[in-house]
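Lettered A, B, C and D in written order, each chain numbered from 1.
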Amino acid sequence: MSDFSNTLSTLILLSAVLLMACKRTKSYIKSFRLQSFLIALAAGVMGTGNMLKDGQFELIVVCLITIILKVILIPNILIKTEAKVEHKVEKDFILNIPILVIICCVLIVFIYASISNIEGLNEGSVNLQMVNSISIILIGLLFMISRKKAIGQIIGFLVIENGLFVTAMFVTNGMPFVVDMGILIDLLTAVIIMGVMVFKINDKFDSINIDKLRNLKG
Amino acid sequence: MGLFLLGIPLIAVLLFLIIKENKIQHAISVVTSILLILIAVYLTREVMLFGIVEYSSFGGFFYIDSLSIIVLDIVLVIGFVASVYSIQYMNHEIMHEKIKPKGLRTYYILLYSFIFTMVLALSVKNMGIMWIAIEATTLSSAFLVGFYNNKQSLEAAWKYIIVCSVGIAIALLGITLLHLSSIGVLESRQFLSWTALFDNAGSLKSSIVRLAFIFILIGFGTKAGLAPMHTWLPDAHSQAPSPISALLSGVLLNSAMYGIIRAVAIVNRNLGSSVFTGRLLMGLGILSILTAAVFILTQKDYKRLLAYSSIEHMGIIAVAIGIFSPLSVFGALFHMINHSLTKSMLFLSSGNILQKYNTKQISKITGLLKVLPVSGLAFLIGLFAITGTPPFSIFSSELSIIVSIFQANHLFLGIVVVILLAIVFAGFAVTLFKIFYRKTDEDIPEPGEANIPGTFCIIALLIVITVTGIFMPEGVKNLLNQAQSIITGGLA
Amino acid sequence: MAINLASNLFQTSILLYILAAVLALVLIKRDKLCNIVSNIICIAAAVSGVAASIVKILFVSNTVNIDVYNSVIPFVSIDIKLDNLSAFFMLTLSVLVVCVSIYSIGYISQYIGKRNVGLFYFLYSTFILSMVLVFTSSNAMFFYMSWEAMSLLSYFLVIFESEQEENRKAGVLYIVMTHIATAFLLSGFMIIYHYTKSFDIFGSSAAIPEFAKNVVFIMFLIGFGTKAGIIPFHIWLPRAHPAAPSNVSALMSGIMIKTAIYGLLRFVLCYLGVESTWWGITILLIGIISAVLGVAYAFVESNIKKLLAYSSIENIGIIFIGLGVGFIAYAQNNYMVSALAISACLFHCFNHTLFKGSMFLSAGSIHYSTHTKNMDELGGLIKNMPVTALFVLCGALSISAIVPFNGFISEWLTYQSLFASIIYEQADINILSILAVAALAIAGALALASAVKLFGISFSGKPRSEHALDVKEVPCLMNIGTGILAALCLLVGLFPMLILKLIDGPVLSLTGTSIFEQLEGGFIIAYMPMSVSGNSISPLALIIALAAIIFIALLIIRVIGGKYIERKYGTWDCGFEALNSRMQYTATGFSKPIKIVFKIMFRPSREIHITGSQRYHPETIEYALSSESLIEKYFYDPFYEKITKYSRKIKYTIQTGNIRIYLLYIFLAIVILMAYIMFA
Amino acid sequence: MRSLVYISVQLSVILLVAPLVNGIIGKVKALSQKRKGAPFLQMYFDILKLLKKNSVVSDTSSWVFKAAPYIFFSSATAAALLVPVSTTIMLQGLPGDAIMLISVFALGRFFMMAAALDTGSTFGGMGSSREAMISSLIEPSILVSIFTIGLICKSTSLPKIMIAMMGFGFPLANSVFILTFFALLIIIIAETSRIPVDDPSTHLELTMVHEAMLLEYSGRHLALMEYGAAVKQLVFITLLVNVLIPTDQLISIAGVGAVAISLVFYLIKVIFISLLIAVIEVNTVKYRVFSIPNLAALAFILAFIGFLQYFVFGGIYV
């Protein structure tokens, strides 16, 4: 059971790295979808596990909602937005891909180093999953830093949220149900608001390249 | 009774959805805020009597103690002031086609959902829900920041929502870790409940708690505008409509700081000393004060200037929490109150200035005292108040904070803080005082106050901050001390 | 009995000041009434203040405690004690306030209808009140509050006529410098608190270790020194004092800068108790520098009020010399000399208040009737303004320490203390003392020169511009105000023992030694040093001698020369007929030689614009002479430029406007803190 | 009673001898230029003549102009009361000491400068501004040298200093006093406006200082001014001779005879000093105004080294 979840969490991490390696908007939306799918899968598996054990169905619900939101709804919204606002295909990342990937690996190693001398987090599967999930979060942040387009930032934010979700799920076996729900709803609103803003930005600045947003400084 | 606190804003939001008439909307908003004030008064009395207000309904998530009531009162008072101020302000904006008449509705809806989320964040026991509420404050205020819908405000809004959401996400990681450290200590129904965590703080896994605190500090610190995560703050404050700026810096920062304080209480109790949290908080605090000082020295935009001064004051509060002695925490809470009142007064009067001169450039403003005799004077006095000159309230709270620093044997830190405060004052003097002087040859907008009710609010706030500088009712003192003992109780 | 009287009188005066402030706000719309009412109340308050302090010093031995208000807020409280030192400064303040308020009734009348007189009087009376509280607060935090209030209110008074550009600049410079100085004071108080756990000024400082005491001393020196206007912290003073209305300048120069002296005496001498001689040596050194440079800059000024402001710096220097000698002697437990020096310092405080007050008031009168402060536009005023001329003459004589005016007495005491402080053993201090003597001498001579310049250029000769043409004498109330001060200058000079009796109280309580016993006689000051014989002077005897000699001379001349017959004729013009007023010596020209001699200090630079075709028959010649202050050029200006430059730079490198950078900050914060966890 | 006697003796001696000094100096200069020169008593005649003349007063001037001569003269004369010509009779005429002496002179100088400005003539302004410069340069050296002597004699009042100096026998044997002597000599030259600082016999506007201030005066006013200047000069000389070259200790007898003898000694010393000054005047040229500071610096350095000699490097009399 646990090694299965270990595998999954590692896969999720890998999907994050993959995401980092994507050049085009479309492609990284795709890989985000993949990541969310993996998470949903993990949730589903663990949910069934809990169900069989002590009849908790919360994780299953979470899993379903995840599939609906993160695998279907949000990526579609983003693709549509992207299709609406994108006029020309332009280079999106500042550093080139290999360097970014290398940075990710360094980051993972660093996090491993810093986590593994914290007792309580440094034994067995907890350690691995902790490392994975925190890495996912930081990679998400790195992704936001490295991408110039508004969509890219949204994706990065979503990856961070995924990371949090993974942490919650694997490490603490799920937050209280209310909290999980709340988080998901928040997430949805956030993405919608950001989407709307992308539209507004697009028609004020007629581009979604956020490097154009540099009027306020000092 | 207390649950109305959450109910009323929601009802108001629904009403705004239905009603289209601007006048009625104004009326509703004022009535709502008055009701909220009344409830706040009631709750304050309850807390003063019983210490804690709890209801078993909805799984007993509703929880108010003297710490939260203090911040809550700030929220509601500022909310009231802002809503009264908004009437004329928004009318003026509509009149000058800054916004469409329909916009008012959106404005009020967002405003009250903003207030609702903040009230929620302050009145729950469960840290998860608190986190959700604080995240929600970002979402509800994002469009308020970008309300004018022009390039700058959109940019500010985007930065605001992105930076804050990321930060808050980090905070969630921290809370998750806190939760992790409590697994096996608490049974599942008190998961994440602050009281439970606080009571059993001793038996949490210290190492994880440490890690958790880092993430919580960075997360909520982003929202509270501590350097180096403060970057969203000046943009948002300068671009939002003035009542909203008042709310942001008078209230939002405090509720984020409230989150940090809650966490600090647990962590210190768990570690049995305030050294670890103290180092981090003092570090970030000093960094914030320093940043503010440097940025204020050559600032050209008065709303940004005020924003940076908010960063400075958050820094002071952070330092005070870091010291974590009874006196310092008392000072920190008192400082929260004073800062919110003073700063929102300043933002409101700056709103008047903006509508008179419609520029944010300091260099383009002269003869303020002639043009706006009342709110201009209030602005001048407010500047002295915010920079900690006696006999205003901020001086008294800064005084107790500084004394507490010196009591805690941080001589060098204390001297640095004192000097930095003086530099901040110098910055204000050099950049901002010129707007009051009268040049006879300049052409100035026609004198007279536009926003009468708003001006009354400003005067009221001014009186309050002046009086509380010298005199403080016993009740308030006790309340502050209760809150202080709740926070520092772990180490006592 | 007496103690109650003192405390009642004192409370009355405080209440009256408050009343004056309130009434000023109440009558804010009725300028005329407000002008009269608040001044009368201020006078009453000041009179009771005088009475209170005299009663305290002469008849009450122990300190007078007035009501105490303790707020719920920690450390916020109002504690007032009136001991000898406070009483003496209170006396000085009140004497000045009486005259200035009488003067103001006339002076402010020119503002009626033009400016907000009510507001002015609110600031005026609260400013005085804040100074009273500074002198009498017995709790460091309350002292700090009153100090801040004093600075703030004086700032508002400085920018009262804010339409001139230079007044605004002056105001900002003043408030910034004074506030940063106050930060040093606050740190000092806090360090004290850190060790003693109390803000009580009258407490003991035994708990403070040596090193900390030194640090605190430095902080106090910077903090108080800036307010006193010692060089190099003086640059605000010559800008701010002239900027204010003249009655306020009189208050600022007359008494506000003395609050710093009070602070040093109170905190360094009473509270810390002078620990090591280098404190005194530092103060003495600063005094020497301030005295010489201050008067040098005063001499080259052409703006009357600027000249007076610089001369305040000089006098502060002289006071500091006395103070320094006192501290050195105190640190060496040589209380006799210390007492002498401190009484010299206090006496000079008092005298400076009198003559500088009268001078600033007269400057105000000149400005009142001519609307200019620039001497090069004045001249010949003595014909139309004889009374003012007389008062300026008195002031000038006292400033330049000439018998029988009061300035001489205090300088004599300072000389005597320096004389007594030179002992055969200690070489370093001896050199310093003799340098101080030289400094005092040159300061005296230059002060005389500037006084002559001030009087001669602006009052005698022909009018140099239409400003000075048909001027009128000022209203008599103004003259009364100035006159009292001028008369006091002479009286104190003739009967110094009266003041010395009052000074004796504070000095006794400061150093535990009474100088009064060393001085004998009512009219003769005879100071007996430990050595063989006494040095005695008697201004009264001298004035009698002078009068007698003049009388005899007149007689003899009458006998020999017969009746005095004079013939009016034009000034000798070398036979060149058209002698006009523009050919007179100007203030600038008068100070040129000194300027050239001390090039190194003034850096004079001149520019000549000649228009016209031929070189030797030009149509017009413009001659502009400018000199610069070294300290500003080489310290303040570069400092300010650097600060602003870096601040801008940092601003745009941190807040770049690029959101990805902002996110990077968060990222780095996380990484760094995790690393901290990892290694800590 | 005795003090009245003292005062009258003191005053009469000073007032009578003062013009003589100028006479001597003038005579010596004339002889050095192979001229016969004016008689020794010329100045007395001048004063008498001037007193008899009417005076012309500039119409721009005010009362200051007319008051100044009297004040200047009386201040100089009052100063004369502070510097005993002889220590053999009661000393203190007027309670006062060296510092007061300087202040009294300052009174005179103040009115002289003010009066010079009062006529509005350019010469007056120039004269007083130069006077301001010279006096402020010379003042420190006066005080330092007086302090040095005073500290050695443990008093600042001149009579007591003289008494103490008599105890030292022949002070000029000591380096300290030699230095002070020369310092005081330079001071006298500067204060009494003689060559090389100023030329009393010129009326060329570029060179004159003291004369420029008196330019507008005539008749009795001029007389008083000239007389006052002479008195001032004698007072300084008296200070020099009676302090640094005390002779009264040589007198063994007491009473009126003693006074007479000491006055004779005094006259001899005064004549000697005036000859010295005359010699200096003859053998130097007038300096540029802006090289006077060098002279002043020299005086100050002499005085200062004198002080150091005694109080830092360790002197002889302790």
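Criterion: contacts are C-beta pairs under 8 Å (C-beta built on N, C-alpha and C of every residue); 3 or more make two chains touch, one makes a residue touch a chain.
All figures in this text were calculated on a predicted structure; none of them were measured in a lab.
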Pieces of the assembly without chain C, by contact: A, B | D
item	value
Comparison of C-D and B-C by number of C-beta pairs in contact, larger one	C-D
Chain whose mean Cα position lies farthest from chain C	A
Centre-to-centre distance between chain D and chain C (centres being mean Cα positions), rounded to whole Å	35
Euclidean distance of C-alpha centroids - chain A vs chain D, Å	100
Cα-centroid distance, chain B relative to chain C, in whole angstrom	45
Distance from the mean Cα position of chain B to that of chain A, given in whole angstrom	31
Set of chain C residues in contact with two or more other chains	648, 651, 655, 659, 663, 666, 670, 674, 677
Chain B residues counted as touching two or more neighbouring chains	158-159, 162, 166, 170, 210-211, 234, 295
Multi-chain contact residues (two or more partners), chain D	none
Inter-chain touch pairs (all)	A-B, A-C, B-C, C-D
Complex contacts: residues of chain A adjacent to chain C	94, 110-111, 113-114, 117-118, 138, 141-142, 144-146, 148, 153, 210-211, 213-218
Chain A - residues contacting chain B, complex	118-121, 134, 137, 141, 144, 150, 153, 157, 160-161, 163-164, 167-168, 171-172, 175-176, 178-179, 182-183, 186, 189-190, 193-194, 197, 200-201, 204-205, 210, 213-216, 218
Chain C residues within the chain B interface of the complex	71-76, 141, 144-145, 148-149, 152, 159, 162-163, 168, 171-172, 175-176, 179-180, 182-183, 186-187, 190-191, 193-194, 643-644, 646-648, 650-651, 654-655, 659, 661-663, 665-666, 668-670, 673-674, 676-677
Touching residues on chain D, where the partner in the complex is chain C	48, 51-62, 64, 70-71, 73-75, 77-78, 81, 92, 94-97, 99-100, 103-104, 106-107, 109-110, 113-114, 116-126, 128-130, 132-133, 135-137, 139-140, 142-144, 147, 150-151, 154-157, 160, 215-216, 219-220, 224, 289-290, 293, 300, 304, 307-308, 311-312, 318
Residues of chain C that touch chain D when the two form their complex	299, 379-380, 382-383, 393, 396-397, 400-403, 408, 411-412, 415-416, 419, 422, 424, 427, 430-431, 434, 437-442, 444-446, 448-449, 451-453, 455-457, 460-462, 524, 526, 529, 531-538, 541-542, 545-546, 549-550, 553-554, 557, 560-562, 564-573, 581, 583-585, 589-594, 596-597
